[in-house]
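Listed next: structures, encoded as C-alpha cells.
The same chain A turns up in both complexes below, where it pairs with chain B and then with chain C.
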Partner chain A sequence: MEITELIQITVNAISIGAIYALLALGLTLLFGIMDILFFAHGAMYMLGAYAAYYLCTKLGLNYFVALPIGVILIGLIGVVMEKGLFRPIRNDHVAIIFLAIGLNWFLESTGFVVFGLRPKPVASVFTGQAHFFGATISWERAVVVLIGLLAVLALYFFLMKTRWGLGMRAFAEDPLTAELQGISNDTVCSLGFLIGCGLAALAGLLVAPIFILTPTMGSHAVLISLLVIGLGGLGSIPGALISAFIIGIIESFGTSYLGADITWGMIFIFVIIFLIIRPTGIMGVVRE
Partner chain B sequence: MTRVRPDPDRQGKFLGEMKAQQKSRLYFLGLFVLLGLVPLVLRSEYYLHVLIAMFYHVIYATTYRFILRTGQFHFGAHAFVGIGAYASVLLVMRAGWSFWLAMPAAGLIAAFFAVLIGYPTLRLKGIYFAIITWGFGDTLRFIYMRFKEPFGGPLGIFAIPGPNPITIPGLITIDFSQKTHFYFLALALMIVTLYILHRMEQSRFGLIFGAIREGDRLARAVGINIMNYKVLAFAVCSGLGAMAGSFYAHYTYYISPLDFSVLLTIYLAIYTVVGGQERYAGVIVGTVVLMLAGEVFAGYSHYQLLMYSGFLIVILLFLPGGLISLPGLLTRVGSRAEEKEGEKFRNDPA
Partner chain C sequence: MKARAMIWGKILMVVAGCLLLLTGAPAAEDQPKEVLLGGITALSGPAAPWGIGMQNTWQMAVDDINNGGWWWQKKGFTVDGQKYNWKLTVYDHAFDAAKAVSAANRLISRDGVKYIFAFDGGMIKAFQPISERAKVLTVAYASPGKDYINPQNFYTWMYGVDCIAAVIFYPWLEKNTAYKRIAILEPDHWTGHTTAEASRFGISKTQLEIVFDEYFPPDTTDFYPILTRIIKTKPDLIDIGNVDPAARALFVKQAREMGFKGPMYLITPDIANLKSVAGWENCEGLYFLPYEIELTPGQKHIEKVYIERYGEENWIGSLAYLLWDFAFWLTQAIEEAGSFDTTAVCNHLEKMKLKSVFGEPAYFAGQGYYGINRMPLYPYNVCQVQKGQLVQVITGAYADYLK
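The block that comes next holds the complex of A and B.
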C-alpha cells in the first residue's frame, strides 16, 4: 500500500514535470539564444490551446492533423511578429521586454474579446488509463509526457548536433562575430521565434484536452515557466528540465500530503529563497 | 563624473537647462494651485473620483519609474502597494491605531520588506529581479487568499473605516464624509511624493542612479557603493507606493487580493513607457492621458487593457521617447538641418 502510493505520486510528479518542462522550453530557448524574455510566450501557449479548440471541436479535424497545423500556424505568427515588431528594436533590451509584455496582454485581452469569457472544453482524444506497478496514469497524460520528453530531446539535438543549431549557438555567443562568419542574424532570430512560438503552441495544443481553456491561462503559464527557468538557470535547457521535475515532485507530494493551495505558496517561497541564495539557478548560468 | 574643461557651449546649455527647470517648476506650481481650486468649481462626485484615482496612480507610477531608472526591472509593484494597504487596514481595524499613524507605519513596513527583499536580490540585474519580485507579489497574494484570519481570505476585507476626522478648532472639521476631503488628501500625498522623488532625482542621487544604470561597474570603480543606493531607492519608492496603497484602502473601504494582482504592475509599466521614462514628467503625462482615455472603457477592463497594450506597442515602435517627447519632436522637425550640422562636433552621451 505504501509503495503503491509512493509510485503513484512519483508518476504524477513526472507527468506534471513534463508539462512544465514543455511550457518552459520555448521560453528558455528564446532567452538562451536571443536574450529576450519573451512574455508573449504565454499568449502563444493560449493561442495554441484555442487552436486545438477551434480545429478539433469546431472544424472536427482529427487531433493529430490539428497538432502540426496549429504548431506551424502559430510558429509563423511568431516569425511575423519578429519581422514586424521585434527586428526594429532588436538592440534595445529594455524596449524588447516591454514590447513582449505589451504583446502578451494585448493578445490576452484580444482573446477575451474574440474567444469570449466562457471557459472552453476540448474533448479528450485518449480515454482510459494505463496501469503499471499498481499506479494509474490516464493515457492522455502519458502522451503529454512522451511528446514533451521527445520535444526536449529533439530541441537539444537540434541545437547541439546540426549546423543550424551551431549557428544559433554561435549567435548566442556573439552576434557580431557570427555575422562575420556568414551566419545571418536575421535568419537566426526568425528561426528562433519560429521554434520558440511553435514549442509554446505545442504545449498549448497538448494540454488543451487536460486543462480548461480561458484567455488568462497564458499569464499563469508565463509565471510558472519563469519560476522553472529561473530555478534551472536562465537559458539552460537541461536546467529547465531538471527544475521542471523538481517543481513537479514538490507539487505532487505537497498536493497529496498538504493540500493544493499551500503547495503553490511553498513552491513560490522555495524558488524565491533558492534564487536569493544561489541567483544563478541550478545550472549556474551567469549572465550580464 | 570626470572633470572637463569648461566648454562655453556646454555651460550655455547647462544654464539653459537650469532656466528650463525653473520654468517647469513654475508650471508645476501653477498646476497644483489649479488642482487645488478644482473642487470649488467641480461638484460632480464622478469627476472627483476620476481625479482622486489619477492622483494615487500617479504616485504608484512615479515610484515605479524611479526604481526602473536605477536599472532594475521591477515586476512587483503590486506586492508593495498590497503590503501598504493590508498593513494599514490591519493596524487600524485590529490594533485600533489612528489612520494618520497607520499610513506612515504601513509605508515603513513596506520599506522594511523592500530592504529585506532588496538586499540579496538587487545585485541581480534584469530578469532575475523581475522573477523574484513577481514571485514575491504572488506569494503575498497567496497568503492573503489562504489565511482568512486576519487577511479576510479571497473575499477581502469589508467596511474599512475612513481616515479619522481632523478638527481645527474654530475653523473647520474635516471628517472625510465627502469626496472633496479625500481629494485634498490625495492631492497632498501626490505633491509630497512628487516633491521627494524630484529632489532625489535632481540631487546627487539622481546622478548616481544614472551612473548605476548606464554602467554599474564603472560606478563602483569610482567609489559608489551601488548596493546601498539601490536599496535606498527601492525602499523609499516602495514605502511611498505603500502609503498610496494605504490611502486606496481607506478611500474605497474595501480591499481584496484581486486588487493587487500583477496587472497593477503591468498598468504601471504601460503608463511609464507610454509617457516616456527619460523625463520625470513623462510618467505623469502617461498616467493622466491613459487614465482619461481608459475612462471611455470604464467597466470593460478587457477593452481597457487591449487599448493600453496596443498603445504601448505603437509607442515603442514609433515614438521611443514616449508622449513627452512629442512636442520637442514637432518643434525640432523644422530645425533638423541645423542640428545635423552641429551634431558633428558635439558628442552628447544622452
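The block that comes next holds the complex of A and C.
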C-alpha cells in the first residue's frame, strides 16, 4: 500500500465522517431531548439544500448570508410543525413515527411539484482543491468538515453550558419534574424542533454545493443518520460524532480495498454485531 | 277523422324514427372508440423524475396520434372500418417490483389492456409471466437484458440503447484512438448490471482491456472512495453509461477533482445538468451516446411541445426522443395488420420499415444478441466534447453485431 493512497483514503474517511456527523446531529438532538425518531429530518435536510438553491442561485444572495436565513427559515418551519402536528400527539410515540414518515413522503412528493423534476445544482463557493502529501480534497469539502465539527461543538456547548440547554436536558430526564421546576414542556419541544430542523437545514445548506439537489435526497440521508445515531447511542451527541467517523472510516477503506457494492453490507453487519454486544451503542445510556 | 289523424301521426313517427336511425347510425360509426394503452412506471420515489417524464412523453405521442400531429397526419387510426383513439392509463410502481405486478394485474385483468409501455427491466421481469401468458404486447423502456428480451418472451419489445451504444462505440474507440484500458462503473441495480453486461459485450468485440468492473450503491453521492480505487487502476476511459443523471454529473465533477483527466462514456446525457453541476470545463473529453448536434425535425417537435406543455424545468433531454417512436410504430402495425390481435401485431412489427425521430432507415434487429428481433436500430450518432465544443465523432452508425 502506498502512503499517498493511505492518506487519500484517510482524508476521504474524515470528509465522509464529518458530513455524516452533520446529518445526524439534528436527529440525535430530537431523539435525545424528546425521545422521538423524527423521520422527516430527511425532508428538512432537503428543504435546507433547496433553500441554498433559491437564496443563492435564484435570488443571488451571498452564500454566507443565505446560510443563517436558510437555517432560521427551516427551523421555524420545524416549530410550526411541532405546534400544529406533533404537539397534539406528543405522548404517542408510535403515532409520531408514522406522522414523521408520512410527512417525509409528503414533503418529498410535494418537492417534485414545487421544485421540478430536474436535479438542481448550487454553484461552488470554494473552488479548487487542497493537496497535501499527494492526497486531494476539494476546498468546499474541507469547509464542510470544519463547519460540521464546529456545529457539533456549538451544540454540545449549548446543551451543557447554557440555561436553555440545561432546561432541555432536564426535560429529557423527566418532563414532569422539569415542568414542576418551571421549565415549559411546550417551549422545550418548540426549541428542540427549531434547533433540530435548523441543524438538518444547515447540513443541507452546507452540502448543497458539493452534491446535487433532488426532492428525494433526504431519504438516503435520514437512513445514514439513523445508522449513525443507532451506533453512537440514541441521543448521544459525542456518540454520534464518533460513530459518524467510524462509519466514514469503514466506508472509505472498504470501498477502496473491497469495492463499493459490499462495503455497505459490511457496515450494516458491523452495526448489528456491535449493537448485539452493546445494545446502548457507543455512548448511549439505558433509560427507564 | 280523428282516428285517421292518429294513424297518420303514428306513420310519421315511425318514418321519423327510421330516418333518425338511418342518419344516426353513420354518425355513431364516425365517433372514434377509445382503446386503452397501459403504462407502468415510477411516478413517485427516487426514479420519479424519469417516470413522470415518460408519462408526459407517452401522453404527447398519444395526443399526436389522436389529433393527427407531427407525421401521423390523420386523426386516430382505423381498424376494420372503425376509427379509434388511444387513451393512456398510467399506474405507478414507485420502482417496487411488487407494485409493478399489481399494476400489471390491474391493467390486464381489470382494464383489459393489450398493450403496455413499461419502465424498467427489473419491474418488467417481475410482471412478465403475467403479461406473456395474457399475450400482452409490452414495450420495455429499459436497459436491454437478455433475461427478459429473448425468444421465450415473444410479446416483449424494448427501446433501450445501451447495447447499441456499446457495440458501436467500443469498436470505433479501438480503431480511432490510442485508449486501451477501460473502467466500467454502474449502479448496483438491474439496469446497472445489464448496462455493464452490454459494455462488456461491446468490449469483447475488441482488444480493449477492462481494468475495473464494479457496481456502487445507487444512492451514492460521494464518489471519492470509489474514484480512489478506479484511478489506482490507471484507466484510459471510464464507462459510467447508465448512471442516473444526477449521480453521473457528480461523478464527473468529483473525478476531475480527484485528478482523472481522461474521457468518460455516458448514455443519454443530460447536458444542462452536466454543465450546471460538473461544469462544462470538466466535461472535456466526454463521449455522449446518442447525441445529435443538429436535431431532426421530429426531435425539435418533441422538445418544443414538451417544454410548452410541461415547462423547461421538467424537460428530460434526449430521453424524450427514445420514448417517442414506439406509440407510432404500434399504431401503424395495428392499422396495417388490420387487427388488435397482439400476435398478428408482433409479427407485423418485426417486418415493418420504421419512421424514427432519429432518422431512417430504422428496423427491428437484435437476433445476434437476444436471439429475436425486438430492438429497434436507427442511425446512431456519438459526440465528444473537444475544446469546449460538441463534435460529432460517429455519424449514422448501425449496431451491426446485433443484426
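Keep this in mind: the second predicted complex is superposed on the first by the 281 of 288 C-alpha atoms of A that agree within 3 Å, B and C clash if a C-alpha of one lies under 4 Å from a C-alpha of the other, contacts with A are read in each partner's own complex, and residues count from 1 in each chain.
Throughout what follows, contacts are C-beta pairs under 8 Å (C-beta built on N, C-alpha and C of every residue); 3 or more make two chains touch, one makes a residue touch a chain.
Being a predicted model, the structure only gives us computed values, none of them experimental.
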- Item | Superposition on chain A - do chain B and chain C clash or fit | clash
- Task: Could you say whether A:219 touches chain B, chain C, both of them, or neither, answering first, second, both or neither?
- Result: both
- Message: Tell me the contact category for A:261 with respect to chain B and chain C: first, second, both or neither.
- Response: both
- Task: Check the residue A:109 against both partner chains and state whether it touches chain B (first), chain C (second), both, or neither.
- Result: both
- Touching A:136, do we find chain B (first), chain C (second), both, or neither? second
- Message: A:97 in the overlay: touching chain B, chain C, both, or neither? Say first, second, both or neither.
- Response: first
- Task: Look at A:121 in the shared chain and tell me whether it touches chain B only, chain C only, both, or neither; answer first, second, both or neither.
- Result: second
- Task: Go through the superposed model and pick first if A:230 touches only chain B, second if only chain C, both, or neither.
- Result: first
- Task: Check whether A:37 is in contact with chain B, with chain C, with both or with neither, and answer first, second, both or neither.
- Result: first
- Task: After superposing the two complexes, find the one stretch in chain B that runs into chain C, choosing from 6-14, 42-50, 78-86 or 312-320.
- Result: 42-50
- Message: So chain A touches chain B in one structure and chain C in the other; where do those two contact lists coincide?
- Response: 109, 112, 219, 261, 264
- Task: Would you mind writing out the residues of chain A in touch with chain B in their complex?
- Result: 31, 37, 85, 88-89, 92-95, 97-99, 101-103, 105-106, 108-110, 112-113, 219, 223, 226-227, 230, 234, 261-262, 264-265, 268-269, 271-272, 275-277, 279, 287-288
- Item | Contacting residues of chain B [partner chain A, same complex] | 73, 120-121, 123-128, 130-132, 134-136, 138-139, 142-143, 145-146, 262-263, 266, 269-270, 273, 302-303, 305-306, 308-310, 312-313, 316-317, 320
- For the complex, which residues does chain C have touching chain A? 44-46, 48-49, 52-53, 188, 214-217, 219-222, 224-226, 228-229, 232, 245-247, 249-250, 257-259, 270, 272-273, 276-277, 311, 313-316
- Residues of chain A touching chain C in the complex: 5, 8-9, 12, 15-16, 19, 109, 112, 116-119, 121, 129, 136, 138, 211-212, 214, 216-217, 219-220, 251-252, 254-257, 259-261, 263-264
